[in-house]
Amino acid sequence: MIIIIINNNKRADGRDFNELRPLKIEAGVLERADGSAYLELGGNKVLVAVYGPREFYIRRMQRPDRAIIRCRYNMAPFSVEDRKRPGPDRRSVEISKITSEALKPAVFLEKFPRSTIDVFIEILQAEGGTRCAGITAASVALADAGLPMKDLIVSCAAGKANGQVVLDLSEIEDKEGEADLPVAIMPRTGEITLLQMDGHLTPEEFEKALDLAIEGCNKINQKQKEAIKKRYGE
Amino acid sequence: MIIIIINNNKRADGRDFNELRPLKIEAGVLERADGSAYLELGGNKVLVAVYGPREFYIRRMQRPDRAIIRCRYNMAPFSVEDRKRPGPDRRSVEISKITSEALKPAVFLEKFPRSTIDVFIEILQAEGGTRCAGITAASVALADAGLPMKDLIVSCAAGKANGQVVLDLSEIEDKEGEADLPVAIMPRTGEITLLQMDGHLTPEEFEKALDLAIEGCNKINQKQKEAIKKRYGE
Amino acid sequence: MIIIIINNNKRADGRDFNELRPLKIEAGVLERADGSAYLELGGNKVLVAVYGPREFYIRRMQRPDRAIIRCRYNMAPFSVEDRKRPGPDRRSVEISKITSEALKPAVFLEKFPRSTIDVFIEILQAEGGTRCAGITAASVALADAGLPMKDLIVSCAAGKANGQVVLDLSEIEDKEGEADLPVAIMPRTGEITLLQMDGHLTPEEFEKALDLAIEGCNKINQKQKEAIKKRYGE
Amino acid sequence: MNSIVPEITRRSIINLINNEERADGRSLNEYREISLENGVIEKSEGSARVKIGNTQLLIGAKPQIAEPFPDTPTMGVLMTNSELLPMASPTFEPGPPDERSVELARVVDRCIRQGEVVDLEKLCIIEGEKVWMIFLDIHVLDYDGNLMDAAVLGCVAALMNAKIPNASVVDNEIILDQEKMSPLPINEKALMCTFAKIGGKFVVDPSLLEEDVMDTRISIGMREDGSICAMQKGGTEPITKDELMNLINIAREKTGELLKYLE
Amino acid sequence: MNSIVPEITRRSIINLINNEERADGRSLNEYREISLENGVIEKSEGSARVKIGNTQLLIGAKPQIAEPFPDTPTMGVLMTNSELLPMASPTFEPGPPDERSVELARVVDRCIRQGEVVDLEKLCIIEGEKVWMIFLDIHVLDYDGNLMDAAVLGCVAALMNAKIPNASVVDNEIILDQEKMSPLPINEKALMCTFAKIGGKFVVDPSLLEEDVMDTRISIGMREDGSICAMQKGGTEPITKDELMNLINIAREKTGELLKYLE
Amino acid sequence: MNSIVPEITRRSIINLINNEERADGRSLNEYREISLENGVIEKSEGSARVKIGNTQLLIGAKPQIAEPFPDTPTMGVLMTNSELLPMASPTFEPGPPDERSVELARVVDRCIRQGEVVDLEKLCIIEGEKVWMIFLDIHVLDYDGNLMDAAVLGCVAALMNAKIPNASVVDNEIILDQEKMSPLPINEKALMCTFAKIGGKFVVDPSLLEEDVMDTRISIGMREDGSICAMQKGGTEPITKDELMNLINIAREKTGELLKYLE
């Protein structure tokens, strides 16, 4: 009987329902970019470069009173089991859009009128949860670029798998699970800057998952701060 | 013997050789567009929106002494038996070109230097004769947009099917017939602004078909005027 | 025994190891272009048009102190055994790039700041060695356009086939041979402006092939000069 | 992207909403007038025209025989595509789908797929080889805000009125009987309710003018039983958890209202 | 698009034509010098080089084995493609075919298809499965007006000199015998005659300068017997029925002249 | 393309090199620090990360079953692709590969193919029908010059550490045994050495700053035995034969040094 209970609570990879996969964040890993970060979360390997603020030569899209943030989320052809054809697809176009919206509230964009801040997110290896990993790393890269920021956006997913609400879905939980809820927050205020849901949850399960995701975000935020501290000293 | 004669003169859908399919035209059917029109001709359902005159931001293509007319003829993916892939193909590129040339003589373009008038023709359902239907509806939409016009361009096809010269080919007559002759005219002068021919006709048959098409245009022109009257009152 | 020696030295098409295929060059063959040339080398048929110096409307790519040379190498769909799909592929993009680099040293670009010189190379029939044929003809077309030139760039390949270092590989020698070495030179100084190698050569074989290619270039250069003389008289 | 609204208009919209009023006279949680016509395109196996206020969409549902995805060999396939036609707004341009169009199609697709509207298992013809693929084409004709809710409503309606020919397999060949048309196997109904946050308050079913001044957008997809099947935040301002949980309650009520149009 | 011609040049061209004269000395109904060379590209199964005045085109006809269209299972396929090479004119740009290029290819295709130049039924190899597909590639090398007539003439010539290998079917496999080459099954000849309306009068075979100032363009495709197989109006000014019927008579005579180049 | 370097920087780089010195303290024939890590992407059957100075590339080698080319029915296929990611340099832009990216991929491909690094004959599964196709994807992460040498080194390393499943053929069906993974059949090693000509002298392994001011570039691909398998000149200034023969000697020595990283 005891064994069954353990089976119910522990997950296929042995994690507790509220346990993150192993996480590693490093700031300032590239030379050419103005800011950069590298992140590993379980088998996910994500590299982010930030360029800017720089001049935006498409005049029609300049904003006279602030900078714009453009994100490009891209999966390397070798990042997944079956080689991915290079170039954007509909999934990466959507993720690029919501990533840029999730990051905007954190940066004092009004300090850089008419400019652009370009965020390039490369998924070098994908194992479930790459969009959250990309946002978390992008935020560190923005800080590494020396941009004035209100807070470090941090992102994490919760979801439902095998009937249980769990944190930070693995690749298999993502594929075979009942629901996925990627969230990004500004940790200082707890406000939500990214929210998507895909699956099937009752409102109660939804609230539980949301709380779990926010808890996960807060844990990851510690690692973000450490990475920045390590790069720039105390 | 009488039956045979009837068979020769009536068509598969029961129409006389010089009979149009049921026709309905309505002006002013969209909110955002500057002008619009909806047309049904048999099973054809066509919606047209006009925007402009508006500024043309591709400076290289502006005309210093007049407006240009740009047309985009587009078939909805669900408009035909087998789903059509979205986006322009060679057929729609050609139709867009000749449609814009057919409409130009009717508008006082010299009143709007450096601007563009954009005509968007959506084929919601196609049943033979969509290019003519599009031109007829576009002309009503141009009038609905309040553009100063010399005349209402009107378009209709004639052709040859089952050895007989007939008006307004149905889908099956278009596909299996011997010739198709889409024509557009300026009804006040009878001058021709669109002319294409695809098939096989002697010069005598051609003349007969041309006369029939012009006769059809004149009938349709009445419906165009009614639609505009209905929209704006007497 | 004598037969064997002949077999070793003569090639499948009967040429000596240092013998070019029949060559014909004509300058000034097109009306619209500012300069043009037609070249046949064996079964290769190449037409080149030059436009310019003309204004370069992409301001971002203008050079304030000189003209740029843009080349477009293109194979006609009917130029090869199996029809080639129209439009650029990776091979033609690379050849266009190195062709433009090979031609640049010959033209006094600094005389035409902010302009572009466009070189369009059409391969009407391909039989091995089209990139060299294109450069040789392009140079004549540049001269025909009246552009001030330091020298006539001339191009020729050598290579290794059937174990032998030979000049001007035929289509079959190119496909089945051991190495291909396309070279372009400025004949007055003997300096090399194009150099590629694809295959397998010892440094000694490489030197032998390079000498042979340069010898071939010098022969072809005579024909270039004759073509220009014929066009403009002495 | 969206037009830039003069500051004075912006202010006036926000002031109204702060007084629980809206420019078109609606209350904060009120939809505009909705109309839904089914089967408007006879050549399309399923179709619907939806209007929410002046927003107008036409949706076609077309089946096609195709191969299943390798990881779901016994399931039919749903393909959702959207075109923001240049006819519908001066800000839409011809060309391949931009990010707004892609987001619309993908969110609608998730809502319908996760809402389990169609029983995809019943669309298998030969396991691992041939299944029905249903194309949902969202044709945006007139754009006055809130495309998401209109698109989901229209897509579900088009699926509900679609008829596919009977497919039988004889000697591994598929025979389609155009005489025997059956409705698609409909499982559930799912609908979407979208909110805009403007000046600190949320309004349901934002008009274009409201979208132009909104700080953030939340779309919530729900099944008939009030369970959640999709959610998407848009816009560049954050929201709080309390706000979100409150919106879920309102969405439950509102999707209940929308359901009536499907009867 | 076309270059903008100075008003003074425009005036002078119109004045000449009003006096029944043309800038290059031709009469109104006179073609420029025409030359046609066959088989100029040995690697192409059929080919032709056409010059009308300074306009120069190269056409290749290449057969390929392909599937027939589902609605014509016993007919071969004709595919006509054109490239307005940037080499041919300072106004042509590299890139995918623009509307002028698409119109040229489609009008030529209709003229040859409806002229029944090739007996497509004879290009069937296995009914419903394999047929010959003939690619006609129109390569525009030098552009001095009237591409339509030159393209149709060159395409018909390339089809007439094309040779395809004998295809036999053994055990449902196609065997091509490159030793036994046969000409394409040529049925009819079709040609096109193009007019430009300038200052109220029509001229045949417009040069580029004339095209630049013309109000409208009419191209008429005819078979040997004077029946009409294609027609296309271009340009932005209208024409009358009487003008048109008159042009058909002239086209009959002119296509008769063009026919001689095909002998 | 490359950034435009201020004249004063240009002068100073040239002056240094004229004195046999370089901005980063290297001698003319000295590579920057090189690091090579194998198997860094577990999901990719082969992978390597290369750094030459601050230039950083990630290469993945992924096998896939495909059809052979018709003219080489018993040979596997190598496909080399490169992406100059906008992450790697402010001068790289998103979008389809530009001419620099195409040249990189094609030169690397030729060097590896002609260097006979992989025994492609051993990658045949069913003659004329199925072979292994190996995709080499060059992902440029950080660009500080000399992509060619880094890419060839990384590609050879990724091929050397790649493992493919055992493929057997039963009843004309291919069975892949993911339990039995074997290394690729490696035949030879090939490496590339690149020189930049600056102010009349040649330097090996140019940095980005050196590339920005160089007149010409020569890349030489060599096998272990010092035979040449690829060569590519870039840049717009000519070189002489004597210079070239001298560079071949230096390349022999330098590729010998690079070889050690593959052990």
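Each chain gets a letter, A, B, C, D, E and F, in the order it is written, and its residues are counted from 1.
Methods note: a contact is a pair of C-beta atoms (placed from the backbone, for glycine too) under 8 Å apart; a residue touches a chain by one contact, two chains touch by 3 or more.
The structure displayed is predicted, hence computed values, not measured ones.
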item	value
Given subunit D and subunit E, the chains that contact each of them	B
Subunit F reached from subunit B - shortest hop count over touching chains	3
Labels of chains that are neighbours to subunit B and to subunit E	none
Most distant chain from subunit F, judged by the mean position of its C-alpha atoms	B
Superposing rotation of subunit D relative to subunit F, computed on C-alpha atoms, to nearest 5°	120
For subunit B paired with subunit D, centre-to-centre distance based on mean C-alpha positions, whole Å	32
Centre-to-centre distance between subunit F and subunit E (centres being mean Cα positions), rounded to whole Å	48
Subunit A and subunit B, separation of their C-alpha mean positions in angstrom	52
Multi-partner residues of subunit B (at least 2 other chains)	none
Two or more partner chains touched - positions in subunit F	none
Contact graph of the chains (line, ring, star, complete, other)	ring
Chain ring listed from subunit B, with subunit E in second place	B, E, C, F, A, D
Subunit F to subunit A touching residues, read off their complex	41-44, 47, 54, 56, 58, 60-62, 64, 81, 83, 85-90, 94, 96, 135, 137, 139, 141-144
Touching residues on subunit B, where the partner in the complex is subunit D	30-33, 43, 45, 47-49, 51, 54, 72, 74, 76-83, 86-87, 118, 120, 122, 124-127
Residue numbers on subunit C that touch subunit F, as the complex places them	90-91, 93-94, 96-98, 101, 104-105, 179, 181, 185-186, 189-203, 206-207, 210-211, 214
Touch list for subunit E against partner subunit B, complex	97, 99, 102-103, 105-106, 110, 114, 116, 218, 223, 226-241, 244-245, 248-249, 252
